[in-house]
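The structures considered in this document are given below.
Both complexes below contain subunit A, partnered by subunit B and then by subunit C.
Let's turn to the complex of A and B:
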């Protein structure tokens, strides 16, 4: 069963088309990565899913029900926004109690444990937090909310490497324990790649692809070798980018390569390496596609 | 968690966010009242005194409170993933509650002042009735009528504040500038249209006197054409005020329904 369905969603801001006829279905109990360049439409899409803004076209359903003004459905979603929506005068403790009010299954003792791990003093006012600690606090709220669907928009914004590692670990632990559906939107693809079960890439408001990260990585190859051999091998494949250095060329291929072709390629002197998610993302979104046919 | 439950949770949150501001305001109002009582006792004043200043202060307070607190409350509610419709209902209940509490405190303050000074303090409704029908209004109003009248006017002030805030919230920069200048434009338009009848009141550009003059005439007009008894007049005024508030709320709903979280 699909948990979240987006049917033909479009959204304009003035004359700019922020989201362009996006169709998407998300299954329960998976970690999704929503990836896209700056201004690709990630936050707009998340805002539409959570009914923070209205699409100009299309419908969003969660558990088969329209999300528009639907409290029953919205109660199942915790949306950690990149932007701070809390007034500066609130203390962190007050906000956690507020979270408990609206998400009755929220686990405040877990929130306190997380705060201690991140060395966050909950007696502080939200206005006194640095950018990193503000992100940490919002992430703590999201993780302790126990909502079946967690949407995290740039959760590691402003966090140092140690805190980022800790947060990824906590996300994985909570996912292992509760099997929530988690959607993470981020720019730090390399770091988050290991967490993701499925990847959604949008560019210029359009859905480029939605695929399991395992399958995606099986399709992303960096092939290096003599120019003529590389081009001959890549002839019938999608070449996302190519770099030539003297007589040698390196191409980023996107597509499944059969075992037979792989062996043949290796025998002809080509080197094959699996590309990282980040490399693939850059290749898919940078418009450097090459036609070697 | 059903909707009624969520409405009450948002209501609790709204009242919580207003409590400090309301406490400061009520504290000041209490000291002003105490000072008035102390002064009147010291000078051994007798006879009637007006109590409309507190009502007007309450009206201004609730008007500004709703305007000032909207964005903070709206964003906080949205951060908890509550629908705009639920926020709308909760805000209405919060406004009605605060209007009633302020009207009740207003009435109580008048009674306490009477107790302390032995003087009678006339509420704003008394003054309106004096201006509409002279002194013969005693049998038409009681504490309940004053409470209902004040609550309805506070509710109207609050919903008007909310509507203005919603208009600003939804407006783009240019529309916001137009909205900011609209009172001046309205005043100029009134000045031109009602020049002859308002001239005595508009000397020295006294807007307050002109507004009182327009208000008085509005009440007299209703009194003369609708019903010719004061008790009907009072209820018609209350109903008209509720009707105007409901119209404001209807417009607020249209504006908030698709308001983006900014």
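Let's turn to the complex of A and C:
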């Protein structure tokens, strides 16, 4: 079943095409990573999915229903925005009650537990929070909302390493218990890679790829060796970038390598390593692709 | 049980191999329950699907079995099976890379054997 469906979505800001004919389908109960460089259109796309803004073209459906002005459906989605959209004078406690108004099944005692874990005092006003604690509070709201679809836009921005790790664990913990659909948009790819079941990469408003992270990583190889040997091995493959150092070359390849080719390559003196999701992401979005034609 | 940060193997293979290590060392005894997928996922900060894939791989190899409603258990004979397979792979995984490196720095097989013999003896005297 498709939980979220984007059908040919385009969005212009003035003459700039922010989103360019994006088609996407998301299945329930998976953790998705929405990755893209600054300005790639991640937040715009999330705003469209949650009907905060209207696309110029195309339709978004959740559970088969058009999201436009559909309160019923949108109550299934908690969207943690990167910006704070609440009035600064509210205390965190008040905001949690507000959250409960919109998401009646929200679990406020869980919110208090999380706040204690992050050492966040709920009596303070949201306007007085540091950037990191603002992110933490918004994430706590999302996790306690009990909405079946959680959209987290840059959930760890401003968080120190300890708090990031704690948040990743809390996300996995609630996911293990509730199996929500979680969409995480982030710049910190390396850290989050292992959390993701599926990866969506957008670039310049276009969908570059959507694939299970595992499949994706099986296609990402760093091959090093003598220039001529590397080039002859890489001849029929996508070379996302290449670096030469003296007589040696290192290439980032994108594609499956058969066991037979792998053994032959190793025997000819080439070294193979799996590339990280981050390396692959940079290779795919950096325009350094090499054409051997 | 911890995973390498940069490995040439996918996470699920690393995890499967880490569980095998714990069966080898006796941390997970035969016919006893191993750590759950959920615990693996949260402790190692990995997607539960990845943890599941590692577990399923070990189930396919009959090293683990599922007790309905309880979890995953170590199959009797699993330790022996892992030992046997690791021994078979020892040449490819360790000896050949060792000889390759030795070749690069002009060490002969005999030189390598001499080092191994010495280290092996040292190791035994350490233990004594």
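Criterion: the second predicted complex is superposed on the first by the 292 of 293 C-alpha atoms of A that agree within 3 Å, B and C clash if a C-alpha of one lies under 4 Å from a C-alpha of the other, contacts with A are read in each partner's own complex, and residues count from 1 in each chain.
Everything below uses one rule, namely that a residue touches a chain if its C-beta (ideal position, glycine included) is under 8 Å from a C-beta of that chain, and two chains touch if they have at least 3 such contacts.
None of these values were measured; they are calculated from a predicted model.
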item: Touching partner for A:272 - first (subunit B), second (subunit C), both, neither; value: second
item: First, second, both or neither for A:172, with subunit B first and subunit C second; value: second
item: Touched partner set for A:194, first subunit B, second subunit C, both or neither; value: second
item: First, second, both or neither for A:217, with subunit B first and subunit C second; value: second
item: Subunit A residues within the subunit B interface of the complex; value: 47, 50-54, 69-72, 74-75, 77-79, 81, 85-87, 98-99, 101-104
item: List of subunit A residues in touch with subunit C within their complex; value: 30-31, 165, 168-169, 172-173, 175-176, 194-197, 213-214, 217-218, 272-274, 276
item: Residue ranges of subunit C in contact with subunit A within the complex; value: 6-12, 38, 41-42, 44-50, 53
item: Subunit A contact footprint on subunit B (complex, rising order); value: 1-3, 6, 9, 12-13, 17, 72, 75-76, 78-86, 257-258, 260-261
